[in-house]
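Next, two complexes with subunit A in common: one pairs it with subunit B, the other with subunit C.
The block that comes next holds the complex of A and B.
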């Protein structure tokens, strides 16, 4: 199988706090990997390290075989790592369309040379519209991103991730805070991405969603991997159940 | 009479907007209130004077002074502000005090290098007075209006029509997200300073040209008036800055013409600021949900 991402002996310490403490993870092409664990298990920190927001204390990250740990977040984005955020963060002051147009520009922000490149070429706008149609945002294209509801923002995050033509899509709790209706829409969108053969990492607190969407699940607790396997294997893993006891009753 | 006052107000207001635009562009990206933008105004005026004295070419003086001041801005950003704001847990007052220090230092450096006396540009423009009915516009103003309109058009074009500008707007909206889109925010920061200090430099030369005087403390009044303008415009918003500059220019001119000099002219900017903020606390154009 084709390995897209490999993490070796990853550690991320904040002073005395060991947010990630010796983690090994592999991810293969066209696979959807779930990352679950109780609050504070290090899930979002893991995302931040992979995306280059944080520089790891120790360990290595390989993307398509290339060593990438410590690269800055814009470099990681250009290498094809797309992410969404747990707390939706659109570019609030600019339109939904421009949010996607800005992401489509990923490989064209060539410093001051990009002064001579049109921001809204017909080709770019057409591509952006295609992505907006796919994510059901077409009717909102001219609205400022700060003006639409949370469900649409989550879709916008996915639209933006798609716009950078990603090698790897990392979704950080895309369903958190959404109504059941909106959750189903987001799940449907993720299932579509899966069918298209996208490689996905999903952090999801809502276990039934992870079980439904993921091919394989990694369970973190206190920054360490305590279990790994198919959703079925994870569901019956004693250590996982213990880690979650009293934390969350989703498992019951 | 009223038409003349309105035109005067718009002319002065556009120069105010140009002076403050740098502070707006810088605040938009780095979230620093850069008082030293007013130092760029004075440095630009001196560079312009120097280049004009050497070459006798006003366009070259503007062009080179803007570029040189813009480049100084990039150095200031890269070697002074960036190291300060990248430190963890920096309180926002630190870069502000740094900028006040830079501003004071620059005024003294100008005095040391160029001397304390007033320099005059002594430019003779080859355009006549524009007279339409009772409306009269001096040649210096014609030149300034055309140049200001040109500079704002260039700014609008860069921000709204180029990839570089789109990256800048993305960074201004949220630098973390912009990076996740592949934007190198160092470039956006540098753009803020090149344009910002460059614009301040052009405003400095314009005012030097209008009053035919350039002196080390010429940045003093802009240093605080520009604050009133950028806050009035809704901090970090280029369109708001233009509106705020025009509003303050008009208010100053109209108060002076119809109410008389009941108070110092420079107080009016702050009066307008207070009145507007009482009605609209986030400034003329505010960020939504930010």
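The block that comes next holds the complex of A and C.
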């Protein structure tokens, strides 16, 4: 199998706080990897390091065999790492359509030259509309992103990630704060992505969702990997159960 | 004659408001020292023509470039600082540059600088000439901004204005675009300065003081930030007001301040901004008229 992402001995310290402390993870093409763990386990920090928002204290990250740790966020995006945010971050004062068009332009932001290239060409708008149809946002295309409800914003996050046509999609709690109905819709969307052969990393607090969607799960606690395996293996892993039950009983 | 002089001044304000709008309206960066770049343009052109004998027509593009290059410096600052801190720093830049004009003998120090009116095809340019010149520059600037809004560049600025973290996750080099926005905005302010210097024929450091920056910002905010019509109408409104209410001139800053507070409270989009009371009603009225006509045709 083709290795898309490899993380070796990754460490991320914030002063004395060891958010990630020696992590090794591999991710293969067309695989969906779940990252779970109690609050403060380092899941979102891991995302931020992979996406180039944070520079790791130590360790290496390989994307398709190329060493990429310490690259900045926009470079990682151009290399095909798309992400969604735990707290939805739409471009609030522009329309949903423009949000997606902005993502489609990933290779167009060349600096001064980009002043002379029209963004809303027919081809780009058609592409954006296709993505909006897929994510069920077609009816809202002219609404400002700041005006639609959270469920649609989560879909917009995924739509934006899709528009980048990524090598790797990283979803940071795409179901957090949604109603059961909306959760099912998002899961359906993720399942579709899987079927299309996309490579996905998913952070999800809601264990049943992770179990359903992921091929393999990595469990983090205090910045370290405490378990790794198929959803079935993880479910019966004593250490995982302790980490979750010992930390916070909300997840039971 | 008086009317034309006022019109040229308003034209210069329009250009300043449009240029500040690129930085504040489109890229969403705080900039409270815009008058400094107005001044850099004015002094560049004044020194080139008065001290070194260059033609106004050469000093105009040079003023554009010098302001733009100093603007890059402000862009570099904006990478390190955000929001309130950036605002305060830009105020500081304004004061430093004005002090430079005021105390350095190279810039005429406290005597200011006298500037000659330029020649145009063997004739000395008169006030109407300036009106035509500034109108042409405004039209070019508007066309340019219109083009920018429809380009990837414009979309990149919109993304940065909304959320820098998201912008970079979309492959936008945030730092580069911020610097570009600052240098574009300040360069256009430089052109306004060059025209101003030659139109007034005398410039003095306090012409470019912090209060002028606030005046420009008021025009943008009161007119409607992030649109083309907003800064233009705002500049006309606030540019004409002191002429109409001359007896009130001493209290102008109080009125500006009061207007700004009222705008923030009741119409944060500006009087002519998208979604503002006037624009909404205007569009509605336009639609009604249009419908009626369609109805007539059908009947």
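Everything that follows uses one rule, which is that the second predicted complex is superposed on the first by the 245 of 252 C-alpha atoms of A that agree within 3 Å, B and C clash if a C-alpha of one lies under 4 Å from a C-alpha of the other, contacts with A are read in each partner's own complex, and residues count from 1 in each chain.
We take it that contacts are C-beta pairs under 8 Å (C-beta built on N, C-alpha and C of every residue); 3 or more make two chains touch, one makes a residue touch a chain.
As the structure is a prediction and not an experimental result, all values here were calculated from the model.
Superposition of the two structures on subunit A leads subunit B and subunit C into a clash.
Of the two partner chains placed around the shared chain by superposition, subunit B and subunit C are both touched by A:118. After overlaying the two complexes on the shared chain, residue contacts for A:147 are found with subunit B alone; subunit C is out of touch. Touch criterion met: A:72 reaches subunit B and subunit C at once. Residue contacts after overlaying the shared chain place A:187 against neither subunit B nor subunit C.
Contacts of A:160 after superposition on the shared chain: both subunit B and subunit C are touched. By the touch criterion stated above, A:176 is placed in contact with neither subunit B nor subunit C. In the superposition on chain A, A:51 makes contact with both subunit B and subunit C. When both complexes are overlaid on chain A, the residue A:93 reaches subunit B and subunit C alike.
In the superposed model, A:108 makes contact with both subunit B and subunit C.
Taken together, the two complexes place residues 51, 53, 72-74, 77-78, 82-83, 85, 89-94, 98, 101-103, 105-109, 111-112, 114-120, 160, 164 of subunit A in contact with subunit B and also with subunit C. Put simply, subunit B touches subunit A in their complex at residues 158, 160-167, 169-170, 172-174, 176-185, 187, 190-191, 287-290.
Only residues 51, 53, 72-74, 77-78, 82-83, 85, 89-94, 98, 101-103, 105-109, 111-112, 114-120, 144, 146-147, 160, 164 of subunit A touch subunit B when the two sit together in their complex. In the complex of the two chains, the subunit C residues touching subunit A come out as 147-148, 150-156, 158-159, 161-163, 165-174, 176-177, 180.
Looking at the complex, you find that subunit A touches subunit C at residues 51-53, 72-74, 77-78, 82-83, 85, 89-94, 98, 101-103, 105-112, 114-120, 160, 164.
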